[in-house]
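Two complexes, one shared chain (subunit A), two partners (subunit B, subunit C).
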Partner chain A sequence: MSTQYNVLGTRPIRHDGADKVTGRAIYGADFHLAGMLHGFVLRSPHAHARIKRIDTSKAAQYPGVKAIVTADDFPQTPDRIVDLGEGPTPLSYARGNVLAKGKVLYQGHAVAGIAAINAHVAEEAAKLIEVEYEPLPCVLTAPDAMKDGAPILHEDLKTTELGEKTDRVSNVSTHFRHVLGNSDERFAKGDLRVFEGEFDTATVHQGYIEPHAATVLWNNDGRVLVWCSTQGAFVVRDVTAVLLDVPVQQVRVTPTEIGGGFGGKIPVYLEPVAALLSKKTGRPVKLLMSRRDVFEGSGPTPGSHIKVKIGVTPEGRIEAAQASLAYEAGAYPGAMVGPGTMCIFAAYDIPNVTIDGYDVVVNKPSTAAYRAPGATNAAFAAETIVDEIAETLGLDPIELRLKNASKEGTRRADGPKFRRIGCIEVLEAMKASAHYNAPLAGPNRGRGIAIGFWFNAGLPSSVNISVTNDGSVNLVEGSTDIGGTRTSIAMQAAEVLGIPVERVNPTVVDTDSVGFTHVTGGSRTTFATGYAAYEAAQDVMRQMKERAAKLMETDAASVTADKGVFTANGKSLTFAEIAAKLDATGGPITGRGAVNPKSAGGSFSGAIADVEVDPETGRTQILRFTSIQDAGKAIHPSYVEGQMQGGSVQGIGWALNEEYYMSDQGRMMNSSLLDYRMPTALDLPMIETIIVEVANPLHPFGVRGVGEANIVPPPAAVANAIYHAKGVRMRRLPMKPSAVMEAIGM
Partner chain B sequence: MKWFDYSAPRTLDEALDTYASHPHARLLAGGTDLLVQMRAGRKETDLVIDTKRIPELNELHCNGALTLGAAVPCCRIYEDAAVKSAFPALAAVASIIGGIQIQGRASIGGNLCNAAPSADSIPLLIALGATARIVYKGGERSVPVEDFCTAPGQNILQPGELLVSIQIPKPEPHSGSHYLRFIPRNEMDIAVAGAGVAVTLNGGTITAARIALASVAPTPLFVKAAGDALVGQPATEESVNKAALLAKDAAKPISDMRGTADYRRHLCAVLTRRALRAAIVQAQEA
Partner chain C sequence: MQNKVQVHTTINGEEVDFLCEPRQSLLECLRDNLNQTGTKEGCNDGNCGACTVNLDGRIVTSCLVLGVEAEGRQITTIEGIAKGNQLHPLQRAFLEEAALQCGICTPGFIVAAKALLDHEPNPSEDRIRWWLANNLCRCTGYDKIIRAVQKAAAVLQEAKA
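And then the complex of A and B:
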């Protein structure tokens, strides 16, 4: 791959940089409108309880209170199945998570919204809302929720068993299976060495720094205007319209700057509540979550229980594998177990595979996506077993993986056959890395590696580009910019247009102002919205060539363009010269790009971790950490490296300390950043990065999304490193000091 | 958060008068505990008395012995050359409480009054033999720090009483002290367990020792027996181990999100041992 690019692969300063480093950027909570009211959301103190009665009369009389809403304020439309972007779900469930109706299903479940002249008044008045609860027994883990006689969350939830709707009411929403070859038969032959284990992972939160924030004005003309921090303005628009039972046309969503999302800012929580409060008061209403609300009332990622069994020949060829993954959906169905089953063995070319997935509801917050959702849990289990195989067979862990690595043509158990992928190239880069080849000396130290996969998303994106008479262009797009995507999208346009990226003004606009664009999620933005920018820029170039032809008195087909210079018949004109004469040559030029890639080409990522375990306290210190990832084509290498470092850090936190620490009654005991214990800069070495580029055949520049795969291998790599440091196999996350100490022996 | 009135008296007398007439007021120094607790609804008051402008509470004076005003922020402690030289362990403790911004506000006096079992400064204050100087309208009293806390978040101060300063006696020659806490992260965390120790040597023999623990009892825990057991013993690993086991036996921890009781007991021995080793080295070099 020796394509010469002018813009791609360089590291320009981001377009939104100045506003962000000077504090001028407007985030969700910064937004303000004249006459705005401030709200508060009353939340359930119980993990599971029937709501017998809600009396808001005293609160309504508190001075300064303007309106109170409960689930009864939603339009009383009959229940139906709706698709809100993450699969079909009953409307009652979607509304129920926004404001509880009949029952509360987790501590932190929203029960009522209140709008007042300021947030303090709203909070004080909320204490006067009387909610009479009948507490019910709660169930907190997937294995417990699957037991006969477990407390049932939804009396109307009937298990779908291997594609068939049954009459069985249980907490198991769905049990599904992927089969390739015949793993039972292959194991039964008896010639394989069999390795197996059971693994548990705790519920963890994405931990974005900015809490959820939404301001809504239900205007006199019937339009519902929303300003919020979200990963997907169009999804917020569509979901809000469905929940409020208003036409999509009536809702306009303006995304503010966003302080992190990682999947957790796709669901809608505050917007419908603020809308109902605004409808009642006729004034804009702002709702903010506190950090505690974020932990207890927004969607973390599922805790899980995973069994893995792998059979391997004495030479190290994996012949058969089985897995069973039970994921906690939280209060409503929709655990990310599907992706977990798609990814668990994706790195390996295995002829016989059976994978079972269970989507299980429990009395915890309804889970949301979290960076390669479901895959990290799965890789922790599978990659620990693979490490055991390498150790037992006396093989280098990278060699074992190379021997079995997926490649173009490998079929996954869930169906798809891989196109060109970079699994082998990532493993080879790991093997050749300075880190892997550096000696690691000293007691209580160990090195672990792991590899992970994320399939990435395609989905629709739209971009419009208009040419300005000074030769710059304005690029309008609908993707919330979380990781520098304004710039990585603008760079793809600039490459096509042959102009410097500084001559492109990228703007993220509201849902009235650009075509449908799906969420900034699934590692799709640089891939899909970048693709739309490529298309829009091609559209501009076609028109620019026509204008050039007109000015040079030739036909468009004979015009060639290189680095912003248009040439024909020995004459040439620059992009800016043509732009200056748009009026004379036919008027403004706008280009449009609209794409809907059905698949995205996945990304593989590897991790190498060196740790030191304190033998007296069980505490694990990360000494050195390298993330390796296939980016296809790294548009802006700094942002690719940033994604790899961020995913690694989140994976390390998941590995070592992060967890929802629940009381038996289902209360989260550590819902603060102090006690939730995400790693800080003081806990980590500089994360080293190695970008691998195996071009993605599904993108004009070969881009693969890089936002997610990097979080998949770290927990397994750290677990393997702990094993090699202290000889203990950790099968439960987090591998906190007390757990490691218990494993070592106090 | 509910509304409250705010008063910032400039003299001790004015503060005592205000407090006497509003016994339910809350005293504020750095506010790094109080404001967080009020915002979380754990404490409520209609009057906050800010003590930061009272001269006596801002005194930091080291002439061998140390007078540490109750509102002196941590950053002043670790930036003070005399304190750093005479009480290096105290300067070190002041630098591990919170981050830089917190240290610009948070005070050791506040840490003591907040009476958290996990308070990082209290075990060391106990080990150093510190006393709390308490003033009320018309009098004052002095209380050893080990008797100051009575329960989680509770202390012996009566309504109208103010902690003015902490007094630490001048250490004997060849003394050393050290505080160690265990946290799962490297900084910005709450002690799962902690051990504060002070020792005095005469040649190779320990002539005085005090040991106190954090996070393993309803209050910071003075383990007199563990220190006493060291007196007259050689400053050896064997003596250190013996004291560490006594400290472990004295601990009465609970299991919670920060650690199990067994694990905390185990940590008491580890931390006491490590802190004693460090204090002995310091005493030998003194």
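And then the complex of A and C:
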């Protein structure tokens, strides 16, 4: 039986809504300070080159130019390992990606920053900076970068092989392995039907519509004040402090509204450069990326090469599986191959599994997270093979998956045992869906399905709630709101407090004003910051009961509260009545919530795609699409649906159109939104959604984050649909018209 | 320093004079010279639609119009869609239908959709998709945006009846 809620599950208007439909909301580029200078970042035209010399003297003379910085303007502190929120990394790499030192490692790599009276002047002056490059051979894909004799990006990068640091200098930063049972032995028995394939996926970009933007004032009191569009103000604070070698306390980050991120606005690019320019000029400096800068200079998500081998009994029981995943990290180590290996077979209870992961540097931009980072590439490979198994064995593809589905107690190859999860429930919902049961007729049409997993993140979040004397509350949080989380967090507080969500004023504040809160990423905000709001609201309720007890002349333990009414001894008082008497009963009430969940429970998502392939052009049209996802508890169902629809469409773009089209010299040939083809309204049907609710035992309301898992199955579902339409197995993303034409032999 | 040109134009019903460099786009003039930052920049080359404004009754991407071309013209931006404190039915529908997530593309979508509904009070889904195909949204998958435009169309029709 589901719990009855007053606020959860309703669809209120978001608190920041009016500002966002009238143009009043202030995003990164909208921020303005008096006396502000505007900057430009000079970027490398080469994919791989040694920087022999940088001469800024002519540019510095250009009228209107106020300052120029290069990597030499960073404090010259010795290299060390730092943890900037995404695992340990050498400080030299973190600084190197912000401003290149010694070598440029990708076209678009930042080389120098200029501050001037306006952005046009800064851009003109940049042309006068003389950079002497010694071009080097470049390497652009993981398989090429792993070959002996491949051009080496980092002379100091030695491979970590199965946990051991080796002396081997190569582009493979790490090779690791997850093992469960003994897959080699199981395959060797020879009684399994074996299915295998090799897959490639292109580099794709998160494609947020707002380019990166940052304004920094290195104030006269020594404080570094940052206003920027970021998924994580505290991460920007900490990274900026480390890169500039100043105490964390000296940096304050105020997050502006953010125009999309999807993982791509976690890394720090502009803030340290603007800070150095501000330090030199004594004035605030604003830096904006152009769209081209976004493509060429910010982190896309890895291209990959994946091998999958699955062994199944004639009845359709998967007994053994192996995979090898080589992901392109871009210029610096840290491809999302770890998550890829953790997710690739997560939907299945398989006794014998071996998974190898390779983190490989190549001459492309340093990659960043993108919505369930690493999992989509992996699911494209695994779920295509699973579809082949179903077809060959004559099984319904959902039945085959149900036969092997992960459930509570299933152990993943990377170690953890699942708690209560909704894999089976998602598959059952797919099977029962109107879409799956509707006929699909006509030539060149096919239906495909796939399922995907993302484990979601926990991590620290903080919330403070203060009670106002009119019975409303102010809620202060550190999670930037990218898709309505002010409201989904406020709703959880309102539920506990027994007041309407309109009586909660949520505000996202700067890093001076609330406790540490990790990024809006990992599907964690409604889960973890919502959890903190729950805790803060509980703290408020405890105090409100004490005040009620005082007013009703009883003890707090005998006060009960329901829907904002506090009752004891047959007397009752409303939340507002108690709030009006705070001064008389002991003063203000402030509640605090601080949480650090170590895990988040994970979410499964399924996709059903109907396509029609044009045999004349190879173009694939999506006729109908349904996204199914376990939300645990859908706090605001419209926003859950919105996440599912948005993730599905990004997955469709990834499947059909999107790629970094690179020249042999490592130049991105399509760095505009005309040529990097993201789906438009005209390319799509309505996206149907089915929300499944299998309560998450790790959250007081059962919430599972829903931001990510929905992007995982679409490319595989579309690939399977293309197969059922045209009889060709697509092994490479994107499945663009020319690739489909080639596959069908036209 | 480039010489500046004086431009006389009408923005959201108010006559405005501003100075701009001949190379400045209308988008830049609105945002930087006039501090009307509701119009957004997503690409600066006409491909994302975030900077859509209405120029003499036609929607244009303001990044592809020069500021000096505003001389003598009538411009409506997102700041001119609501009537005082009264949100336009499109704005209300965008909120009620959850048609925005991050909201950066929303001003462009609302200005473009209003131009559609001004001339075609009852557009089909296909027509709405065609009309809005120059406006990119990366968050929503468009579903809820299309529904919001349909809802606003119905509300406006009802108000007329």
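As a convention for this text, the second predicted complex is superposed on the first by the 745 of 746 C-alpha atoms of A that agree within 3 Å, B and C clash if a C-alpha of one lies under 4 Å from a C-alpha of the other, contacts with A are read in each partner's own complex, and residues count from 1 in each chain.
We adopt the following convention: a contact is a pair of C-beta atoms (placed from the backbone, for glycine too) under 8 Å apart; a residue touches a chain by one contact, two chains touch by 3 or more.
Just so it is clear, the structure is predicted and the values come from calculations on it, not from any experiment.
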| item | value |
| --- | --- |
| Subunit B versus subunit C as contact partner of A:Asn657, first or second or both or neither | first |
| Which of subunit B and subunit C A:Glu616 touches, first, second, both or neither | first |
| Partner chain(s) touched by A:Glu123 [first = subunit B, second = subunit C, both, neither] | first |
| Which superposed partner A:Leu682 touches (first subunit B, second subunit C, both, neither) | both |
| Partner chain(s) touched by A:Ser738 [first = subunit B, second = subunit C, both, neither] | first |
| Touching partner for A:Gly17 - first (subunit B), second (subunit C), both, neither | second |
| Which superposed partner A:Gln538 touches (first subunit B, second subunit C, both, neither) | neither |
| Partner contacting more residues of subunit A (subunit B vs subunit C) | C |
| Partner chain in contact with A:Leu674 - subunit B first, subunit C second, else both or neither | both |
| Residues on subunit A lying within both footprints (that of subunit B and that of subunit C) | 120, 674, 679-680, 682 |
| In the complex, subunit A residues that touch subunit C | 11, 13-14, 16-18, 20-27, 29-30, 32, 63-64, 118, 120, 206-211, 257-262, 290-291, 482-484, 636, 638-639, 641-643, 645-650, 672-674, 678-682, 684, 686-687 |
| Touching residues (chain side subunit C, partner subunit A) in the complex | 1, 21, 23, 31-32, 35-45, 47-48, 50, 77-79, 81-82, 87, 91, 94-98, 100-107, 110, 125, 128-130, 132-146 |
| Subunit A to subunit B touching residues, read off their complex | 120, 123-124, 292, 616-617, 619, 656-657, 661, 669-670, 674-675, 677, 679-680, 682-683, 736-738, 741-742, 746 |
| List of subunit B residues in touch with subunit A within their complex | 1-3, 40, 182, 184-190, 192, 256-260, 262-263, 266-267, 270 |
